Amino acid sequence: MYEYEVIIIGGGVSGCAAARELSRYEIRACVLEREEDVCCGTSKANSGIVHAGYDAPVGSLKAQMNLRGNEMMELLSEELDIPFVRNGSFVICKSEDELPGLQELYDRGRANGVQGLQILGRDEVLKKEPNAAEDVYAALYAPTGGIVCPFELNIALAENAYANGIEFRFNTEVQEIRRLHEGYELVTDQGSFFARFVVNAAGVYADRFHNMVSGRKIQITARRGDYCLLDKSAGSHVKSTIFTLPGKLGKGVLVAPTAHGNLLLGPTAVDIEDKEGTNTTREGLEQVLGKVRMNAKNLPLRQVITSFAGLRAHEAGDDFIIEELEDAPGFIDCAGIESPGLTSCPAVGERIAGILQERMGLSKKESFNPVRKGIVKPHTLSKEERARLIKENPAYGNIICRCEMITEGEIVDAIRRPLGARSLDGVKRRTRAGMGRCQAGFCSPRVMEILAREWNTDMREITKSGRTSKILAGTNKDTWRDKA
Amino acid sequence: MIDSTWADIVIIGGGPAGLAAAVAAKKNGAGRILILERDRELGGILNQCIHNGFGLHTFKEELTGPEYAERFIRQVLELDIEYKLNTMVMEISRDKAVTAMNREEGLFEIRARAVILAMGCRERPRGALNIPGFRPAGIFSAGTAQRLVNMEGYLPGREVVILGSGDIGLIMARRMTLEGAKVKVVAELMPYSGGLKRNIVQCLDDYGIPLKLSHTVIDIKGKERLEGITLAEVDGRGKPIPGTEEFYSCDTLLLSVGLIPENELSGGMGVELNPVTSGPRVNESLETSIEGVFACGNVLHVHDLVDFVSEEAAAAGRNAAAYVREAREEEDREAKKRIRLTAGTGVRYTVPETVSVSRMDEHLTVRFRVGGVYKNCYVSVCFDSEKISRRRKTVVAPGEMEEIVLTKEQLEKYPDLEEINVRIEEA
Amino acid sequence: MEEKNLICINCPMGCMLTVAMEGSEIISVAGNTCRRGDSYARKELTNPTRIVTTTVKVSGGRESMVSVKTKEDIPKGKVLECVRELKDVVAAAPVRIGDVILEDAAKTGVNIVATKNVEAK
């Protein structure tokens, strides 16, 4: 039996942003995550875009959170030592007929409070983005649009929350929520947890938990999006994020550089039944590779190194739900957090902490430290600094992932730091080892070796992403031994 | 500070190409040669190729990969050629300053008079094929599985499907079987196998493993560990044919779907690359677009037989030694007169791409690959518009590298020659 | 008389060979384009053999495994038995190329030898 003042269900960006904001106060709180790591659901598979804020309807919570989140991202990325670039974004249209559509976005953006919006003609667009589609007619340009690494953002929020006293429990799946006289009992596969307040940041499962305690049902649909990621050699094909104006041919996809210099294409949007359905489909990938020609020309589509699918948590009301439930006091929803959820997460966290502060009368924690230092990235250092680093710790001289040039030092740091990596994916999302053009072909045996050494376990126990995702089935000839 | 030192020839990579280049360069009078190898030992990919079939051309006997490597490693040691292990080359500048890194020495720089690129190749990943489905544990490139099984003794899985019938895929079908796994099927997208006939018979037929040509994986099932894959037959354009889907339960999928020369360093220093081979463009000396920078082995173009890698690398080593000795005449360096070597009908590329008659040896082997399977055809060579030779072949296939040999004597008879075209003519 | 079909492995042509047999005696080989096809068919149908390559564990070495092979080719039918015999064999480092790891594998009279050097730790 475990008791907390606040339990947050879900270690995605929303849950971890809430945890980090809560850690500013004197509080006993815990994040329950069913996977072995943070950033394992929607937060790990999305566009990594920091939206400017012209999409969401005026007056919606989405619009409010988007603007505030965008504004907060700059300071947050500095405090958390994560890559964030305001690379600007374009929404391009192809004919004069579509101009009213652009104008509508422009007006909505202005009404939402987006700064610096401009409608540019073809020549100006092509001057700024020479590889934009040749038949561009005009575009809405938003200089405040940006890109961020979703993994690092999520992980850094968690690490900083943890450093400021929030607990995290992994491999802990909430199965049932019982309302008590005061507070809630969360029944999990690891026993029961009690909390006065619950924050429901369970992504595509937020409806399940909401509906356990409330009579006013909500429904979250998993909306799948397929993506293709291109090699870094294609990363500078465009500088900004390029969207197309939704038109006769339906909603388009985006073409954007990533915070680490790859090129990202996608996503599709298909509502599915299976909330675990993160499989890409042939139709989806073909759609992405077909549609991107609307955005940009000369795309080197042979440089695809991987494809993946993510699920957006789409709520029927089409807006974020971030509030305490009227019929379930102490239960705070953070539901329907689809795009622009990543952009909004700092604001979402702030809002949730605000609600709890008001309800609980929390006092500020003197010792709160907003600064988190990331894993040292040797390739960002000067040669002299790098040489010094290797002298202090020779592991930084040993390249493990040759595509991304990631050293043993970085991998060991990723494992040893608080809430450290336990699996290949954990190492990958923290360091980028295995994220390059060979997609872990060369480095995975080496990373497994380091994981086994650091966790003092056998190579055969190492997983791709926890639970039953073991990489190895055994040793040579053990089948012959079993049969003997 | 970063230490700077020098060498006559720095060789990037201590695999079969790097080793053979080093030995040849030393025997041809090069002074200080330094091999930089990123792995823990010399020998490169040969260390994990424990099957036999290597060396029939070079040593007239059949060796395993590690044995073949050892023959060259021994020569490197006997010739006192320097090498550094666990050392990653980070960058090479256009003027041949090689920046490398390892645990002991940190970052260091070596100024080279000549550089030989011998970094080898990497495997194409799943993403390059856009295979849809989940992304569970249990999907390996064949080479990764080969390393795990053959060098580290770990079995990646017990029920295996292999996509791609290149030689590594075929070889791994046998290896996994002998180590106790059940290989259910090998699927190949093309209507023909990319591997040697001998490997199809001895790695698949011997163990009753079916080979499904014109088939590909269209779905991957299993969220945590692989649970199965769906195969489908493909039409002439590689599109799956509805109704031909077949599910195979398996915990492992090995991908043997092609190799890509690793030319990030070459590209970084400004070496011109050929988009067909993904390797550097080279002349008769295997010299790239940067003077004094040579390339050989799988970094230049993907080979089928290591014996040809050794032969090619030895030529690169000799030429680099000559370059360092300044044995080439000043006017030769200018190489003012170059004959272009071009790939005609049915031929995908040639290596090299240019020839200087004054600089070539008495014989020059030109290697090339064809774009499809041709039976009872001719390999024709044209000097400008004149057909010079026409050699009958019972069969040529993309999986087998072909060659023609040009002689200096022959070329000297054509002082105004501009282009040599190699093509396939069907009978 | 019995007919057997096999694919010639000598070149990428991959000729489909048809072999007529009387018991264990070969009467004729057809379908081959060259003489190598004929001799391959005769060997493969009367006495097929293979070199076996695999791995065994190493104790006290810098590497945990060493690659090995049958010193000569062994009857094809003995391949799996040979591999099974190696399941519990452990070679003590240092191991040199050519060292005998197991004598008379699967009673073929052929030794298993190391194909790689493994230094002691």
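Which chain is which? They are A, B and C, in the order written, and residues in each are numbered from 1.
Everything that follows uses one rule, which is that a contact is a pair of C-beta atoms (placed from the backbone, for glycine too) under 8 Å apart; a residue touches a chain by one contact, two chains touch by 3 or more.
Keep in mind it's a predicted model, so treat the numbers as computed, not measured.
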Look at all chain centres (mean of CA atoms) and spot the one farthest from the centre of chain B. A
Per-chain C-alpha centres versus the global one: which chain is nearest? B
Contact tally winner between B-C and A-C is B-C
Averaged over CA atoms, how far is the centre of chain A from the centre of chain B? Could you give it in whole Å? 38
In whole angstrom, the CA-centroid distance of chain B from chain C equals 26
So the centre of each chain is just the mean of its C-alpha atoms; given that, what is the distance between chain A and chain C in Å? 53
What are the residues of chain C that contact at least two other chains? 54-55, 65, 83
The positions of chain A in contact with two or more other chains are 476-477, 480
Junction residues of chain B - those touching two or more other chains: 149, 152-153, 179
In their shared complex, chain A is touched by residues of chain B numbered 1-2, 38, 86, 88, 90, 99, 101-107, 122-123, 125-128, 130, 132-138, 141, 143-144, 147-149, 152-158, 179-181, 218-220, 223-225, 240, 251-252, 267
Residue numbers on chain A that touch chain C, as the complex places them: 476-477, 480-481, 484
Taking the touch rule as given, give the residues of chain C at its contact with chain A in the complex, in rising order. 54-55, 65, 83-84, 86-88
The residues of chain B that touch chain C in their complex are 47, 50-52, 62-64, 66-67, 70, 149-153, 175, 178-179, 196-198, 200-202, 205-206, 375, 394-397, 399-400
Could you please specify the touching residues of chain C with respect to chain B in the complex? 6-14, 33, 50-55, 57, 63-65, 67, 69, 76, 79-80, 83, 97, 115-117
